[in-house]
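A, B, C and D are the chain letters, set down in written order, and residue numbers restart from 1 in every chain.
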């Protein structure tokens, strides 16, 4: 299996749709321990990215993600927006010059994204952030691919992301706006981790990758 | 009868004493339709003036009042303070070079003072100000002197000042801070007119002039 | 009372001491009076411009003592007139025989004390003239404009008369420029919230959570109307209408614009107001020759702003462009700072 | 919400448009981004200093774009970071091959966006360095000073690095000066009352009628202690102790002092504070080389003030004395305005 830009664009279109569907849910999550803007900013960001993909006339996947990061950030300079943008740009760097992606490329891209987010936000596993869903999900993907098909592996990754998201409930926030709540953040799941479950749910959909 | 500076100084000493005695009363009057400072500022002003008189080593009465106005104003730059200072200075101008005052001089000095206050404050009879006690009192003094002794004339003047003060009760204030109260000023006597009754009560005292 | 003060009785003296301590190179506090004068005064042959008034309006009044501005200021307690002795002291310390211009806002206590000071100076043969600033269109009808209060428009009077005096104009000329400036200046303000006089300790007036008062004076004097708070553009348009019609100003006119914050209104909001002014004047074909946005005449922490327009001709433009410098206001000359940018 | 705004969503764009309309001779609003740059940029061979941050702090940040200061600014929404694209746009519009210094306050959103911008510029071979301002002693202990927030001390970093860049220092030199300035700068503030974010519409925090919070951040971040409001001299002494001990400063040291109003605190009160600072430093034998009193970094209508001290040596003094000019801040060179007073 190798993925071409056309399919990437389709995934991004679906992703924008799904984030729009989950907009209210993300706002609710962020209202509980943040300022409530996450659904709005992510909706703006992913729909701008999907638009850009639908208008992209070349086949260099890396180049698209490189500029796509900036497109995303422009409409969503919030914390999560900047981190997602960074992730997108890191995927672009990783996929530089590529016109198709192997499953290994996909893993490498997602790993680069996760590392980029850690680097930019100086966050760790356990800080109660998006990383607590993203990192285990990427690890699960890589691990599963050793023995399984891409489709199955992505489903595992999604499941792991959801588990990671659930676990953030019990954590105390150490970074960003939610950390101002201190112990008050315990009991509520992390909104950024919630976003990751949405992303992986789309990747895991049938007939996309 | 002719008055020398020594006597003037004695009157001013008595006046400072009496204003100090009436301090609370003046504060009360000014609190009702003003900012309540009148007793404090007049106490400061008249005691500074009396002090200056007790330290004055010359005999030129005019010269003393000329500089005395400034002495008074320095410690009392409030509305009434400035008006009283103006009055004092105008008396000084009127008495320029004089080492003793005839009853006619006293009347001329008080008239000059009243005119100075009208000029400076652009006030008229009936505006509910100090003028409503001062002007009739000075007129009564002048009139009485035509047929009576200074002592008697001063008592008439004092009585007229008190009547003028009483009449301000029914007036509506047209000038200064009290005018902000509009109809609310009716029913309360004017503090500045109250001060005039204190001044004339001292002038009318036996054994002074 | 939420204020950084010590004994409220010492409020005025203490802040003035702070100013004197901060700017000894530019200002001198007189020994015997609460009056500040230019450190470089008296300047030979120059008309001395003396201003003054109550405290609580910084940078008005003392902020406009400096090069190309005033020469001295007599400082009263909060919202109270200074004494005539302070005015006399400031005049004596700065005059050099060319005469004194008393330039200040139209308030009765100030008028009385300045008049008294003029009388005293006359006795020592120091000539003085008085020009009252009367720019607040909300405080009296147009035919009675000389009865109006002086508000932020004071700034333009200082700036232009100050430039004329710095250019060694005679007392007559400086007074003429001051009068001409006053006649060409119109202001109007709007208040949202009161201030607190330290010695009093409670708000100067009450106003509803959703109310504004159009035309309120800078001590809380009653305005033209109290009503529901409107969007910034609407409030701005209302003030501008009143000001423009009062002149009136026609297409082709050139003006200087001053947007003045009363104290707690953030600079961001003043620029939202300026944006609308710029649009409105543009639509009417009126040219903005220069603009000033910031705090020029405050009422401590009062919320609100005022707009002032000065109608310009060639003479006033040249004087407006002249350099000026005080610890509170700096305007470089036409060349800009540091010899040209 | 007692504010002069139109649709709160447009607050930032509208006030920035107001600024651009008021000062076209000095500032240029970029077409595609909410970023302002010097009208005379790029300047050949000069390091471009780019700053940025959330709105609500005027004159910080955009008020320090000008001669002898910064070259461009990326403007975020109220208390929100600007986007990396705005930062990139400001850098590209002002750089001339001599490199770019990113100079801004230590807040995580800003750091992420500036880092991202640096990465993007790197791809087009534009060299950049980043210096974070971390002057708020209340926000982290002394050994951890690089974790501190950036507050009013930003002003000194702009002033000194800006002077170095204007003198055509290299990127290394300008960054070194910025770092040296940050290391020599300490601030601490006290808040009395909150502000209102236009899009939120209610106060950012609650505080009792008689309370103050020592060490509170300029977005309402928790301070060191909350307690009863004390006389101005006591509050000033508490802040000064914390700052002086943090350096520590000894007799003979020379400092620049900045007393910064947070928004609604009147200038009179800032001078009462300055008076006490002057006395305290005098008592300790510390010399005030220069002082700045006014609003330099606000939180809209928040009540309170901050004190910043910058410890000086000969290099920093010379840079501090250099002329600077923006629409919001003017400092004449040593000769004064108008060629000598």
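Following the convention adopted for this analysis, a residue touches a chain if its C-beta (ideal position, glycine included) is under 8 Å from a C-beta of that chain, and two chains touch if they have at least 3 such contacts.
Quantities reported herein were computed from a predicted structural model and do not represent experimental measurements.
Centres computed as Cα averages put subunit B at a distance of 58 Å from subunit D.
If you average the CA atoms of subunit A and of subunit B, the two centres end up 86 Å from each other.
Taking the mean of the C-alpha atoms as each chain's centre, subunit C and subunit D sit 28 Å apart. Taken residue by residue, subunit A touches two or more other chains at no position, since every residue touches fewer. Multi-chain contact residues of subunit C (touching two or more other chains) are absent. Taken as a contact graph, the chains are arranged in an open line, each linked only to its neighbours along the path.
Taken pair by pair, the chains that touch are A-D, B-C, C-D.
The touching residues of subunit D, counted against subunit C in their complex, run 2-7, 11, 14-19, 21-22, 40, 55-56, 58-59, 67-68, 192-193, 195, 209-210, 229, 231-233, 235-236, 263-275, 278, 291, 293-295, 298, 300-301, 303, 305, 323-325, 328, 330-333, 336-338, 341. Within the complex, the subunit D residues that touch subunit A are 76, 80-86, 88, 108-109, 112-113, 115-116, 119-120, 123, 221-222.
Every residue of subunit B that touches subunit C in the complex is listed here, in rising order: 66, 69-70, 73-74, 76-79, 81-83, 85-86, 89, 120-121, 175-176, 180.
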